[in-house]
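When the chains are written out, they are named A, B, C and D in that same order, and each has its own residue count from 1.
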Amino acid sequence: MTDTLYSNIGYDAHTIGFGEKPGIAVVDFQIGFTDPNGPFSSALVERAICNTARVLESARKANVPVANCYTAYHSLKDMPYWKIGPVRDDFYYGHECTQMEPRTSDKNYDFIFCKSAPSIFFNTPATTLFTKNGCDTVIVMGCMTSGCIRASVIDSFSNGYKTIVPEDCVGDADERPHNDNLRDIGRRYADIVKSDDVINYLEEYRKLNK
Amino acid sequence: MTDTLYSNIGYDAHTIGFGEKPGIAVVDFQIGFTDPNGPFSSALVERAICNTARVLESARKANVPVANCYTAYHSLKDMPYWKIGPVRDDFYYGHECTQMEPRTSDKNYDFIFCKSAPSIFFNTPATTLFTKNGCDTVIVMGCMTSGCIRASVIDSFSNGYKTIVPEDCVGDADERPHNDNLRDIGRRYADIVKSDDVINYLEEYRKLNK
Amino acid sequence: MTDTLYSNIGYDAHTIGFGEKPGIAVVDFQIGFTDPNGPFSSALVERAICNTARVLESARKANVPVANCYTAYHSLKDMPYWKIGPVRDDFYYGHECTQMEPRTSDKNYDFIFCKSAPSIFFNTPATTLFTKNGCDTVIVMGCMTSGCIRASVIDSFSNGYKTIVPEDCVGDADERPHNDNLRDIGRRYADIVKSDDVINYLEEYRKLNK
Amino acid sequence: MTDTLYSNIGYDAHTIGFGEKPGIAVVDFQIGFTDPNGPFSSALVERAICNTARVLESARKANVPVANCYTAYHSLKDMPYWKIGPVRDDFYYGHECTQMEPRTSDKNYDFIFCKSAPSIFFNTPATTLFTKNGCDTVIVMGCMTSGCIRASVIDSFSNGYKTIVPEDCVGDADERPHNDNLRDIGRRYADIVKSDDVINYLEEYRKLNK
C-alpha cells in the first residue's frame, strides 16, 4: 500500500541502468563488522561478504577501480557524535576491528583508505579515484544497509554517478532495516539489482575493453 | 524485537544532547513539496510546516543562524540521476515549485540558498555559515524524512555537529518511511525530540545570550 | 634562476595535455570585477574577457558543458573573513556587482551558479555537472589570476581533472601577481596555454563528436 | 608599487585577528620534504620546521587540537595529475618519504592523517576535528608556501575560519615564491604574523582555559 502511494506520486519513475565506465565502492568490510564471532555479524552480512568477493573478482579481472574503506579514528576529538557504543569504544587506529576483511580486500589492487563518517565519499579521496578513471557508474557494496550503505549511496548519487546496489552484496543486523533502506534508496537514487547482474555487466565490460 | 536486537549490540547507547551554540537547517520547504494541493503534500508534511514555523520564530528571536534551502537545477546536465518523476520534470530554476514556502522562510533573516542533492550540506555553503557563527549544534527540520532529511542528518553528524531532529518538524508522504528513518537516525546519528523541546532550549539560549 | 632551481628538483617535469572530454569553468566574470569603470578593471581583465568569449563560442558550438559562477552572500554571517573591502561591502545578493558579465555568460546555455569562496569548486555543484557529463578535462578562465583562478585551478587538479589554463583568458589588476601565479600553477597543477590552443582543441573535439 | 595598486582598490583593508578557540594545521612536514639531505630541503624549510616545533609545544600544552598531515597515494590511479616528478615517483603508501617528520609530529597527541591533494582540508577529516572542538581560528604551518600552504590557507578561509599564517613557520625552496604567496594570501585571506605572536596568543589562551 505504501509502495502504491509513493509510485502514484512519481517515485521510482525511472530506471538508471549501468553506464559505460564502472567503479566499485566497498564500505566498511572491516573485522569490526565482519568477524563471524563479533557483535555485528549476521546472516545478511555473511551473505554480502561472499557475494561481494565474487563481484570483486570480476571487477579486478576487468581492471575496474576499487575503492575499499574502513572507519577509524585517532581519538574522541576527531570522532563525530556516534550513538553506537562499540564504534565509540573500539574504532581507533591500530585496533583489530579496523583491519580489512581479507575475503573482500586486496591491498595490492584496491585503493584502501580510512573514512571518518558513514559515507565512503564524505571527506575521502574516492571521487578523485573515480574521476581520474572516468567512471560514470558506481557499484556500492558492504555494510550496514541502514547505516553506511545508505549514506554512501546518497553521496554516490549526489556526485552524479549512476548508482547500483546489488542487494545480496549489502547486509545488516536484521532484515527489516535492510529492506526499508533498499526501498527508500530504490525509489530515489539507485537501481537495486542482484550480484549476478553486476557480474554479467562486468564480464561484458571486460570483453569490450580488452 | 528489532529494536532489542539493535540496542543489544550497542546501537542508541548514548544521548547527544543540546550544545552551547545552535544553528538551524530547514530542508526543502519549497512550494513543490509544501503546496497543500500538490502531489507531495500530506498530513505529516503540513504538521511539520506548522511546527517548523514555531521553532523558527524562537530561533530568529534568539538570533540563531538559519540555513534554509530549496532544490533546483539548470537542466538535466547538472542534475543527478533522480528516479522521482516530478523532480526530473519540474525542479528547474524559476519554476514555481522551487519558490520558498512563505510560512517557513524569511528572506531578510534566513540564509536561503539552492542545493543540488538531497543533503542541505552537500556542496553548499551551510558549513561556512555554521563555522562562522561558532555553532556546535544543528537542528534539522523540513521534508521528506525518508529523503532529504535523512541525507541532511547524516551530513550534519558527519561534519561533527550535535544533531537534533524534532520529529514533529519533519514529514513524509506516509508514516512508515517517516518512522523507519527516525528509527535508523536515532540509533546512530541524532537525538529525536519534540518541537517544544527545541523551543524551550532556544528560549534558554536566548536568555543566556542577551 | 628561480626557475632553474625549481626545475632542477623536479617541478614542471610532466605535461598534462588535453583529455577526451572537456568541461569549462568560468570564474567571477561578474559586473563587480568586469565593469570597465569599476575598481577591479584592468587591461589584463579586459583581454581575458574578450578571449574567454571566443573560447566560449567554440565550447558552446561543441556542446561542451559550461560552469559559470559569481560570488555573492546573504550577509556577513555567511561570508568568510574577506580582507578585500569591496567584497565585504558590496558582494550581496541582488547587488549590481553580482550580475553576470554579458560578454561571457549565456543563461540559456551555461550552468550559472553562486559560489561563496574563491574556488568555483568549493561547496558548489560544479563537480556534479562535470561528472554527469563525463569530463576528464577542465579549462579554467576568469579572474583574478592571483585569487579565484589560483583557487579554482588547485581544486580542479585536486578533483582529478586534467587542468588547462589559457593565460590570455585569465586576468588580474597587475602583471606581477598574474605571472607569479601562472608560474606556481604551471609547475605543479596545470598546463598554461593560449586561447587559440583551446579553440583548436575544441574544434577538433566538435568534429569528432558530431 | 604593485602593493599600492592593490591596497588602493581595497585589498588588505581589514585585519582578521585571533579568535577565541584555535586549532592547528601542519601541512606536509613529512620526510620527503623535510629531510635535510633531500631535494626539497632549504633554509626556509629548516627554519619553518624549527619554529613550527616551538609553536606546537605551546599548542599541545594548551590542549589545542592539532591536525597534522602527509601526502601519499596508493597508485597513479588515485593520484591527481601532478607535474612534480618526485611526487609522482615516490609519494606512495609505505615509502619513507611519506613518514612524518619527528620534530613536528607527536603520534600520541596529534590527529595525523593522509591527504591526497595540496590542501590539508581537501577531502580530509580536518573540518570535523575543528568543528567538534569548536575552533574559530586555524593556524597554518608547514610547506611549501607556494604549494600546499597556499592551498590550505584558501580552504581554511573558505570554511569560515580566522586564518593565521606565522611566516617563519612556512617554507619553500626559494624566497621569491615564498614571499609572492605570502603577499597574495595576506591581501585576501589571512593575517601574516610571526611564530612568537602565535606562541604569545597560545600562552594567553592556555591561561584563560585552565
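Assume a residue touches a chain if its C-beta (ideal position, glycine included) is under 8 Å from a C-beta of that chain, and two chains touch if they have at least 3 such contacts.
Bear in mind that the values here come from a model prediction, so they are computed numbers and not experimental data.
J.: Between C-D and B-C, which chain pair is linked by more C-beta pairs in contact?
T.: Of C-D and B-C, more C-beta pairs in contact link C-D.
J.: How many angstrom between the C-alpha centroids of subunit D and subunit B?
T.: Once rounded, the distance between the two centres reads 35 Å.
J.: Please tell me the distance, in whole Å, between the geometric centres of subunit C and subunit D computed from their C-alpha atoms.
T.: 25
J.: So, what's the distance in Å between the C-alpha centres of subunit C and subunit B?
T.: 33
J.: Spell out, as numbers or ranges, the residues of subunit B touching 2 or more other chains.
T.: 80, 116-117, 123, 127-129, 132, 158-161
J.: Assign the assembly's chain-to-chain touch graph to one of these shapes: line, ring, star, complete, other.
T.: complete
J.: Would you mind writing out the residues of subunit B in touch with subunit D in their complex?
T.: 21, 127-132, 134, 136, 158-161
J.: Within their complex, state which residues of subunit A touch subunit D.
T.: Subunit A reaches subunit D through residues 65, 74-75, 77-80, 110-114, 116-117, 123-125, 127-129, 132-133.
J.: Per the contact definition, I'd like the list of subunit C residues that touch subunit D in the complex.
T.: 2, 5-6, 9-16, 39-40, 80-88, 116-119, 122-123, 146-147, 150-151, 154-155, 157-163, 173-174, 176-177, 180-181, 183-184, 186-189
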